[in-house]
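There's a structure below that I have some questions on.
We just call them A, B, C and D in the order they show up, numbering each chain from 1.
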């Protein structure tokens, strides 16, 4: 409302990570292929945060890099591949060598854990899948008896991250955010977490958000910090802002084949750079051009003036 | 000092507004609770946030809505989501600080009946039922009730517990495992009632000019007066100006 | 896709009701205050369909009228009020006189039943509310033991309507529909039901729907019939198309005070009219003017051309 | 008639496409399954609908996506929803007719391992894990697997059952209570395998020019040939034209 005097939540990503991410935290950096907050992962690496429990349905390169940089003690996941390419070599090696703890789910049971956490529920049910092997190894899977049929129903407990990091297309200074494209588990991660760091491609006036309230999937009331971080998601992408850098996803498969390759990458692209702006500039005009997103605008809808 | 005139509705709105805190996230209904929230936002609680069970967060209605599903609540709101989401992600999750409740009967322990007068299976009067109030009463961090003070509205026992206050008192509420704190105050046109340490509603404040006897006459149990029972400050001119000029100029609710 | 040869699902509301709504069906005409498909209710009354089980969180005037017309054997609900006005006199009288069966929930447990039905789950859990009186009278409420804490969790079983009727702002001929404003239980009702009749304010080209896929809350693949019914929702409303007719909600409280009043209303506004178009014309220019929705367009979003 | 040349990928895509039915709702991955669906849509199944676990329904990608979360799948799609919704409202609800599955190992009863080679707690090779395949295998009405025919891919027993086929055969799958029908066919570069009435995979078709012995050599159990084992029709010119000219002109997957 016009007279509202809310103080802004805008702070730098550096300060947001410093304030809300601590050694040993359970972190959920969200985004299914889309909107993965790489800039936040890099900032966590730069700050040398340790012993994190890294939860994500698809750890993707962001957690591979964080594991390589020594930030993680454990991963919680449902798919540790490099999508469309192959392995996540660092996560895989950590598990194979017994140096990284892990806790494993299927996609739906992982997301159901977030749904339970976001909903304030002690568990979420799912139908039988018959896949007993994983359930045998992960005691978080339990069963309850359906009181209506007497059958067994699988349940999973809530996942309640200490911190969720959620990248969005546009947000106001309070963290009321419009998100579109692949939604993944963005909304659930934000509601399930104790603290939420929101990174936004654009900070817009509250009026833009209020012009389309159905698009506001993340409300400011669950957001602690709002960081303006354009191109935060590269090499993942932000629908309508820049393309997925498939070339880099392929390149990482090579880079991550040797420890030297990875350390050289981290030095050049993480440690030796101050922030995402420097990273994006360093990528250079050719990459910018290659990842350019053209324009396909949504047809407007009328909310009416009442 | 000139005597300020106000009516019982204005008195209840003003006193309810004063209970709200800056930053509160409020699950709000139409009518009096809506006015109370808006008044609080325009006075001491500019950061209060209103949520409607229809799925609306941060409404900026250009008019006073008749129903909680009015289109004017949607246009210009901060966020609109499904009903399942509003009850899970917001209310059940614990993101709601305050719920407003109402009903045909409120009893000695703040339990509310909005379901039936008489027997459930063969009701004398069939009321609208819970709506969202069963969950609001249980899961909002604290609840307020705003209602005229009438004996039939305040029986010792409700005919049916649609939503719970402190049940039979003592640790009865805590033992159910509900997450919220329960009713924190009942605002009437005579004064304020709050639960004591056993969950029993006691009179904690009288409005200016009201006597305890009036409260007792209009209450269905032997109501106790708190030792430190206060007198509420009358609505001040600014509160009344906002109410009358800005919030309800057509005097629909006040 | 261009070469797609899908046959249209467009049929008249008359034929859709004839084809998909049968005596004795469990019907869910959805919409929380918003988008209530009154035209469909009136068509059901005109066709003299009987013994329906009418499920809705808020029966609203639509079910009050259908009960008055003798269409219903039972109601399933969570709030039988005339929102902001008072009682639903017909539903209330039916229950008080013992002439109408009923099954009662709170809002959340009612919606959770739809969520279970829409999700293919045997139940959905909810936290304790302590409100034992209703649970005592409705055996559909059950409890299961949380395997993680040993505490009791309330569960409700799926609601699986035979038919859901869902009104939307705009749909293509296949039933892919954009919905905005108050969403209520629209999406869940459509997914929970065996058959879905979609009524739309506008039938638009598939390209309009594809311009904003995140707005498509109802996908054609769950829709059986698509009916073009402008002003379907009156006296409820369609965000951005026309206002809620609060005057009528107040007037119904008077009309429904006597059986004569109701029968006269049904004759004049339902039985003696062929369809919604005639109804809307009969309302006349003054009402049209009063319910006119002004324009407040959403800010567009860019999906990008990739 | 002139001999038509094609490679093993083309052969598998064409044979997988032919298994799809008009109107099928398919939970599809990138690569070969994606090509098979698109080929079916352009030939005998114009009303086939593709769903991606990323939450996309009715994609019209202008390019071949590397990942199932590619932005080109979203622009111009019919509908995009959250991951929780796609797994509940679509897959678990029973709205998916066909799921495509893959993995490092597929056994005699169509069980799939995409998790580990060796011991789970101390894996020799750690694979990506289930993703959505645990649920797809259980809840899609029917499933198809497309994979090169190699002995290491077809052991008698998988090291770990990531997603189930017919478990140990007989009524073992039915007894788990899963809703879907399980694997209906495995398409390889040598032929097609389908479960018999006990759930054991048997060879039901050989591709042109392939001998049964080649299949046995590349299968980790004594595979039986169905009595009515057929020879598949070779890819026809139109199928190959669509694949090569329209669907994968850069030959990324074929």
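Heads up, the rule we're going with is that contacts are C-beta pairs under 8 Å (C-beta built on N, C-alpha and C of every residue); 3 or more make two chains touch, one makes a residue touch a chain.
In this text, all values refer to a predicted model and were calculated from it rather than measured experimentally.
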TODO: Just give me the whole-number Å value for how far the CA centre of chain B lies from that of chain D.
DONE: 58
Task: Where chain B and chain C are represented by their mean Cα positions, the distance between them in whole Å - done: 29
Task: Length of the line joining the C-alpha centres of chain C and chain D, rounded to whole Å - done: 39
- [ ] Would you kindly tell me how far, in whole Å, the mean C-alpha position of chain C lies from that of chain A?
- [x] 36
TODO: Give me the residues of chain A that touch two or more other chains.
DONE: 120-121, 126-127, 151, 180-181, 183, 187, 211, 214, 239, 243, 293, 296, 303-306
Task: Residue numbers of chain B (touch at least two other chains) - done: 56, 70-71, 74-76, 80-81, 92, 139, 179
TODO: May I ask you to sort the chain touch graph into line, ring, star, complete or other?
DONE: other
- [ ] If two chains touch, include that pair; go through all of them.
- [x] A-B, A-C, A-D, B-C, C-D
TODO: Using the touch rule from the top, collect the residues of chain D that touch chain A in their complex.
DONE: 30-31, 53-56, 65-71, 73-76, 80-84, 87-88, 91-92, 115, 120-126, 128-135, 137-139, 160-164, 167, 173, 176-179
Open item on the list: Could you list, by residue number, the parts of chain C that touch chain B in their complex?
Closed with: 32-34, 57-58, 77-81, 83-85, 87-88, 92, 95-96, 98, 104-109, 111-112, 114-115, 126-134, 137, 151-152, 180-188, 237, 239, 243-244, 246, 249, 293, 296
Open item on the list: For a test of understanding, state which residues of chain A touch chain C in their complex under the given definition.
Closed with: 120-127, 142-149, 151, 153, 155, 157, 169, 178, 180-181, 183, 208, 211-212, 214-215, 239-241, 243, 293-306
- [ ] Going by the contact rule at the top, pick out the chain B residues touching chain A in the complex.
- [x] 25, 41-42, 46-47, 49, 56-58, 60-63, 70-72, 74-81, 88-89, 92-95, 139, 179
- [ ] Report the residues of chain C in contact with chain D in the complex, numbered from low to high.
- [x] 1, 3-6, 118-121, 176, 187, 191, 206, 209-211, 213-214, 216-217, 219-222, 303-306
